[in-house]
Amino acid sequence: MQAEPRTAESRDDERERAPFPHKHLLGIEGLTRRHVETILDTAEAMRGISDRRIKKVQTLRGRMVVNAFFENSTRTRISFEVAEKRLSADSVNIQVSGSAMAKGETLLDTLRNIEAMRPDMVVLRHWCSGAPHFLAHHLQSNVINAGDGNHEHPTQALLDAITIRRAKGRLDGLDVAICGDIAHSRVARSNAHLLRLFGSRVRVSGPGTMMPRGAAEALGVRVCRSLAEAVEGVDVVMMLRIQKERMGADMYPSDREYARQFGLTREVLRHAKRDAIVMHPGPMNRGLEIAPDVADGDRSVILDQVENGVAIRMAVLYLLSGASEVPAE
Amino acid sequence: MQAEPRTAESRDDERERAPFPHKHLLGIEGLTRRHVETILDTAEAMRGISDRRIKKVQTLRGRMVVNAFFENSTRTRISFEVAEKRLSADSVNIQVSGSAMAKGETLLDTLRNIEAMRPDMVVLRHWCSGAPHFLAHHLQSNVINAGDGNHEHPTQALLDAITIRRAKGRLDGLDVAICGDIAHSRVARSNAHLLRLFGSRVRVSGPGTMMPRGAAEALGVRVCRSLAEAVEGVDVVMMLRIQKERMGADMYPSDREYARQFGLTREVLRHAKRDAIVMHPGPMNRGLEIAPDVADGDRSVILDQVENGVAIRMAVLYLLSGASEVPAE
Amino acid sequence: MQAEPRTAESRDDERERAPFPHKHLLGIEGLTRRHVETILDTAEAMRGISDRRIKKVQTLRGRMVVNAFFENSTRTRISFEVAEKRLSADSVNIQVSGSAMAKGETLLDTLRNIEAMRPDMVVLRHWCSGAPHFLAHHLQSNVINAGDGNHEHPTQALLDAITIRRAKGRLDGLDVAICGDIAHSRVARSNAHLLRLFGSRVRVSGPGTMMPRGAAEALGVRVCRSLAEAVEGVDVVMMLRIQKERMGADMYPSDREYARQFGLTREVLRHAKRDAIVMHPGPMNRGLEIAPDVADGDRSVILDQVENGVAIRMAVLYLLSGASEVPAE
């Protein structure tokens, strides 16, 4: 039973009337509050699928998704792959370390090659900021940004948003502290964009070397001088991973010093609201940016974030696909 | 057509009445003779599927298996993946070398993350003895140990057992020599446990540096001073791989010396029973622990072991899944 | 609905009557013009599948294809994997770098192990010339050569052939220039064999260190002293990739010197026929063997090659499988 092949035009028409009118998910910047809510509501429906005994629907059967990861990310790649399999899509994985690009091919040539194989969607993780936009500009496929350089990581912000909404009942009027390496964090950027859409207030905190110079205004965040100040009275504390493997020695004096000044402990967490939640995008450096008892404490929603990640990615795949079938086994 | 979601309790009830009452396969230690026989008998039925033109049944359709390999093992990973696909399960592969763990995440955090994505089963290979038990203690999923440190490798012992049973007609009352690096071999340990369950007698042989000190009694094996003594009159000769890539230079003097003293040649094999079979878990170092003409000789069942490996893994996946459907296309 | 299991004999009978009577695709050498045409015609039908909304047919459902790549090749591996998924086959990927072979297993043992898992087909890329022939000699599965050493790369030559046929309307009576490292290129060899089958004339050009000594006659190609001479009046210009990552420093003086003497520029292309097409197997070194404006120019069919690659691989998988079902969703 195959649907009539639809022309590009008729598909564009449908897109306009659809609840999510975008062809790609490149970043949170550019989305409206309504678009974000559509994704979150769809993700809630998707969560139900993972509770079934047979955690799989036929929605994207016959569609091919290329997961092109030009940067190591076991966690995000698996989350997308699980989401794709839950929707019955076919996954093809491309994992290219920096060194393999030394074969000399340009980024555009690599992406054009992927496109020529006619996938339905491309999930792209790239160390180069803007790579997914570049790809989307040149390709026919739906493009999902799975993290580009220091720029955006929209599915992370969306999974954070659904986790906050489930815990707090809303996304507006909240105070959120984001702490760590703000300047180089696509997670911080995407979250700041999303939270601002809903009128929540974001404060940031971290070592001087990791603060965005001048960009705080653009992001609409308030820079705090200490972790305690950032956390004071907030509803949500979001700790960022210190990417030790990427950092030069000059970013902070020592692990011990970092943990003492910028690590989230129970003492610091007392400054937040009594029901504040603790988040972390993972992988965690326990004892560095977050104390083990906080990571495992009853305020922590860190594993909910991981679980919600699959639902968000299912929702994004579903909405971009234009699949009209109700997800049912 | 979806089955009613069953509660955890009703599933536990079913498990008690099932022929294989375990939720996980963590090791041979702890299994009864009856449990092992159930797995072997199920594997015999699974072998038939691989003889069909369409070598695939729908038994595990919609189930997701994560193959998490924290140690290199192309062979075992592929064997599991082939088994999963024959049963129509969805496979997600995680391959993490030791260095990638340098991102600083703890084992438990990594495993909790996998769990949060709600797989149905996790196949775990880990360099750390006890990792699968740890995982099983914390997770909802079925856990299959695909080799943990120097501890156990239960599916290897089971595939060895079915290979012996097919060749010898039984598993009890046999004499079996296991030769090589006994002290560090999970294959030797799991096989010793299994063979003892059936009342077969195990002798071991190898360089002094590779013999288990004091553990021989615990394993119930007899330590022999020479390969010839170990092989004398046995029904089965099982050679272990010398893991040159992991060993320090001080474990044995030289390849030539090792081959001369502990390599299985036709001359040494003459000490065994006339119909003795020769086994090796692979990959083989031809000319080191086993002479090429023995590896390829008519006593060798080494490729049967590989073929039976797929059937054993299909059986284990099937039994742990609690799937009640008869495997049929 | 499962077909009666057919015996090996009845399958051999069918094979004889089939339009493509081979069990393996090991090289272009040994194929007839009629065989090549059968593959190309089948690939034309397969192209249609990639134009559908649901780009997938059930033709190889339940068949297992092992993609065993003993040499890095993201591009070819993905092309095969996409082709397999379009035909609903199950794919299992084995990627082994040279160093992992240092575990000491012989090639034959590795291949016998793969065979023992009873795949239906094996796609083999290997750095060793003749590896696929060796495998085919010992295995039951259908073997597809995805590139062996300096020997053959038949699916590349077939995708080049369909690209030429679509552009020029024919494969016979053409003049084709192949330029670059001819001596070490399996792409050049396979293309030379194929084009000669159809009575097209091949000229080659490149640095003296990269010219086949004495083999030109065997390949039936004409060695030209300059790129301009090779390109003069041809219908097709096929540039080969300079494999900088494999070459010693002594193969050519410098990138700049190579580009100047052997790089395809618009000036050089003027020597070809006005409607000559430009081909490249990828990945391209822009500015080295091919100028960017030529790679992106209106004569370039480089991305058509990639797209046709999927169709050719679908056709080969289909023809070797002996599947009789008409490809339809």
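Points to keep in mind about this one:
A, B and C label the chains in the order they appear, each numbered from 1.
We take it that contacts are C-beta pairs under 8 Å (C-beta built on N, C-alpha and C of every residue); 3 or more make two chains touch, one makes a residue touch a chain.
None of these values were measured; they are calculated from a predicted model.
Taken pairwise by the contact criterion, the protein chains are fully connected, each one touching every other.
Although chain A and chain B carry the same sequence, what matters here is overlap: shared residue numbers make up under half of all numbers found at their interface.
Overlaying chain B on chain C by C-alpha atoms takes a rotation of 120 degrees, rounded in steps of 5.
Distance between chain centres (mean CA atoms), chain A to chain B: 39 Å. Residues of chain B in contact with two or more other chains: none. Within the complex formed with chain A, the residues of chain B that make contact are 1-3, 5-6, 61-64, 66, 90, 92, 94, 96, 100, 102-106, 109-110, 112-114, 116-120.
Looking at the complex, you find that chain A touches chain B at residues 50-56, 72, 74-75, 78-79, 81-82, 85-86, 244-245, 282-286, 288, 303-304, 306-307, 309-310, 329.
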